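In the two assemblies presented below, subunit A is common to both, partnered first by subunit B and then by subunit C.
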Partner chain A sequence: MWEQLIEDVPRFFGFWNLMFLGQALLNTLLLSYLGAAFGFALGFCLAIGRHPRLYGIAPLRLLATAYVEVFRRIPFLVKLMCVFFAFQLSGAQASLFTVALVTVVLSAAAFAAEIARAGIESVPAPQWNAAEAMNFSRWQMLSRIIAPQSWRVVVPPLFGYAVGFIKSTSIASQIGVMELTYAAKILNTRGFSALLCFGTILVVYFLICWPTKRFGEHLETRLGQRPQA
Partner chain B sequence: MGYDLIYSQVTGHVPYLLGGALLTLQLATISFLVGWAIGLFNASILHFGPHPARLAVQGYVTFFINTPLLVQIFFIFFVLPDAGILLSPYTAVAIGMSLNAGAYLTEIQRAGFQSLRREEMDAATAMGFSVPQMVWYVVMPHIAKTLYPPLSNQFIIQVMTTSIAAIFAVEELTGRAYNVNSLTFRSMEVFSIVAVIYVVLTLACSLALAVLGRWLFRVKARIV
Partner chain C sequence: MGLTFLSIQGLSVSYGGKADVLRDVSLDVQRGEVIGLIGPSGSGKSTILRTLVGLLKPRSGTVTLDGQVVDYTSRASLRGARDRFAIVFQQYNLFQNMTALRNVAIAPTLVKKRAKADVEAEARALLARVGLAEKVNAYPDELSGGQQQRVAIARALALKPDILLLDEVTAALDPELVGEVLDTIRALQRDGMTMLIVSHEMAFIREVASRVAFLDQGLIVETGPPAEVFDQPRSPRLKEFTSRILRH
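== the complex of A and B ==
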């Protein structure tokens, strides 16, 4: 095992393999960060649409709640398959990358909606009452009162969830999206030892996830120290 | 190009799918229990152990939390055979999920250990308790109640995570969905039914755990 490994190493880290892995890494990064960004934006909209004092009109509220509760209870793989086949049925010519991106966005939205709700609820009731007494419109209330106070609570946990989505994108290899895990499988099939292929991407995943998580923790302590407005 | 959803071709396979749900629950329970034991052991080390052991545990937790479970199982499933250890898909998935859950459950239980009061530990030490005795008789009863909600939450996560086993041809809920899919070619129908089963399954688990929690500790566990 070890002799073969030592023989493989220079070949494995050759120029073309590194280019191949680099492209896969780029896809993983794009898929997870882009998906998380869109998903979180959508999640905030959902949270705003769920809150009775913001835009929570009854049918909208019900829909948003059902969405959040259902999508948090379906495994990523099953969601991926549903989105994949739904795209197929609709006849839209979507790339595999788009399918995976949509799945990440849909699940990120459901999780972000819960965090954003916690953030919105962290604003004390007198603030809401005061804003209403001053005859603020819903939009003014959100942008002037709620958002400036709740972002400190909302932003740090998002990084933890972003790490979760970086890890989930490895499942996108199942439908053949060219990301890190799929690249490792291909290299493994080409005859490089499994230890080398999967060991390398484990390290790469770690090098992406760990700084993201640490940055979130750093933000949490930093934003927590500041006096609350 | 029209496609009509025909559920009637799939409904006959629902009992087969539900059988897979049993395996899902089994896998989730095994990995949760093993992970819980690993977590308790690790949390004890983090609280009582010597410095190098603490570092090792922290390394384990950081590594397993920051890498994808799928790749961890790939590693176990494809690399260990090179070292002469052949594992069945089910065993490989169970080991991978247990190690992964162990990392998360270490984090959860570490928080519980930190919530203990110093005096209780001092009293236990004065009574001549050994560390395992202290963990079992003093720490556990104290943190059981506070840790119940996050632990049951982790169980629900385990139930959903088992879907990864399908990738290794374990015939749990998602694995059986793949089988039914290749039998009937009614992909959208199969996976939408499976999605609903997962929602119902996790809701049922949450409900059962909440009832159990009420009965054990009189705590209000969150259902949704």
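== the complex of A and C ==
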């Protein structure tokens, strides 16, 4: 088995395979980071729209809450299928990549909304009262008082989830999105050893996840420091 | 002849569907007056101040400020009222993410859109006035309770309020820090600042207040000059209250 493996290595890391894996890596990165970026942005909007002291309008609040509660409790694969069939039913022409991206965005938004809610609520009511009594607008309260004080609560779990989404994108291989896991499957069916195919993407996944986590930690310490006046 | 500066008529406040925490409270305040609000805990003293700045909604009654009725259901009217009141809280409520200077300067620059340089010069002067010139760049958690409360007073003064509302501003302080805050308030009284002061510091109220209102269970039971209220209480409830305080 080992002899076969060693024999395979130079052929496996040939130019075309590397191009193929590179393309897959790019898709994984796009799905994860674009998905997380849009998802987090949408999630923050949801958290703000849901908060009774910010922009909460009752029916909107109910809708946002229902969305957040439901989407956090459905497995990624099921969400993926739902989005897939939703696109089919609507008749919209969407690539498999788009279906996967929308799924990542929708689930990232639900988790980010919950994290942001916890962040907003970590700022004690007296801080709000002081700002409100001084005629701060809601946006001024949010941007000057609430957000700066909640980052430290929000950032660590956010990056925890970001790493989770990188791993979840592998599930998109189930509908045939050409990302890392799907690429490994294809190379495996072309006759390369499973150990080599999946061992390689294992290393690649780690190389994406680890710096992401480190960046989150870096941001966390940065936010802990105070700007000198 | 003094037109009543602040007039509270028949103010009732309830929250959480419970019985009224304020019941039919009426109080007239002239410009330059210092009103001491005293009474047992839960009697509604703080509720008056919080209602004036719109942190609680009145159920009924009217507040007239400088001849204009404040409509607490209208955003514009409420903004107008908040422009003229400034409140200092028991727990200081300084913005934790800002230095002392920024705490004092933020509302005038952000809300009142005044030039930053002017406001910061004023803020430095105000901090110097409350004895904290050295601490302009300190964050709240680097300051003692007494220092934080003085920053909070400077922050309120930076708004150039017509009426300053002080809500048990020494209640959370260590006894040895109370003096520095009271000195600051005494200086304001000498400058003619109109103030409503909720406090348990009876000796202090007696000294600075021009009039004292005694509240019990959401009602103003008695009002009058400090000497009268403290030395010749008429109602049994106030008699009981003052005798209990004097025993301390």
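The rule is short, and it goes like this: the second predicted complex is superposed on the first by the 216 of 229 C-alpha atoms of A that agree within 3 Å, B and C clash if a C-alpha of one lies under 4 Å from a C-alpha of the other, contacts with A are read in each partner's own complex, and residues count from 1 in each chain.
Heads up, the rule we're going with is that a contact is a pair of C-beta atoms (placed from the backbone, for glycine too) under 8 Å apart; a residue touches a chain by one contact, two chains touch by 3 or more.
Bear in mind the structure is a predicted one, so any value in this text is a computation, not a measurement.
Trainee: In the superposed model built on subunit A, check whether subunit B and subunit C fit or clash.
Mentor: Once both complexes are aligned on subunit A, subunit B and subunit C fit side by side.
Trainee: A:R73 contacts which: subunit B (first), subunit C (second), both, neither?
Mentor: So A:R73 only meets subunit B here.
Trainee: A:I171 contacts which: subunit B (first), subunit C (second), both, neither?
Mentor: Touch partner of A:I171: subunit B, not subunit C.
Trainee: Who does A:N129 touch here: subunit B (first), subunit C (second), both, or neither?
Mentor: second
Trainee: Pick one for A:F198: touches subunit B only (first), subunit C only (second), both, or neither.
Mentor: Touch status of A:F198: first partner only.
Trainee: Is A:S95 contacted by the first partner subunit B, the second partner subunit C, both or neither?
Mentor: A:S95 sits against neither subunit B nor subunit C.
Trainee: So which one touches more of the residues on subunit A, subunit B or subunit C?
Mentor: Of subunit B and subunit C, the partner in contact with more residues of subunit A is B.
Trainee: Centred on subunit A, what angle do subunit B and subunit C make, from Cα centres, as a multiple of 10°?
Mentor: The three centres form an angle at subunit A of 100 degrees.
Trainee: Looking at the superposed set of three chains, what is the minimum CA distance between subunit B and subunit C in Å?
Mentor: Least C-alpha distance: 25 Å.
Trainee: In the complex of these two chains, what residues of subunit C are touching subunit A?
Mentor: Listed in rising order, the residues of subunit C that touch subunit A are 53-55, 79, 82-83, 85-87, 89, 91, 93-97, 99, 101-102, 106-107, 110-111, 136-137, 139, 159.
Trainee: What part of subunit A is in contact with subunit B in the complex they form?
Mentor: Interface residues on subunit A, with respect to subunit B: 1, 69-70, 73-79, 81-82, 85-86, 88-89, 91, 163, 166-171, 173-174, 181, 184-185, 188, 193-195, 198-199, 201-202, 205-206, 209-210, 213.
Trainee: Which residues of subunit A touch subunit C once you look at their complex with the stated criterion?
Mentor: 126-127, 129-137, 140, 144-145, 148-149, 226, 228-229
Trainee: Taking the complex as given, what residues does subunit B use to touch subunit A?
Mentor: 1, 3, 62-63, 65-72, 74-75, 78-79, 82-83, 156, 160-164, 166-167, 174, 177, 187-188, 191-192, 194-195, 198-199, 202-203, 224
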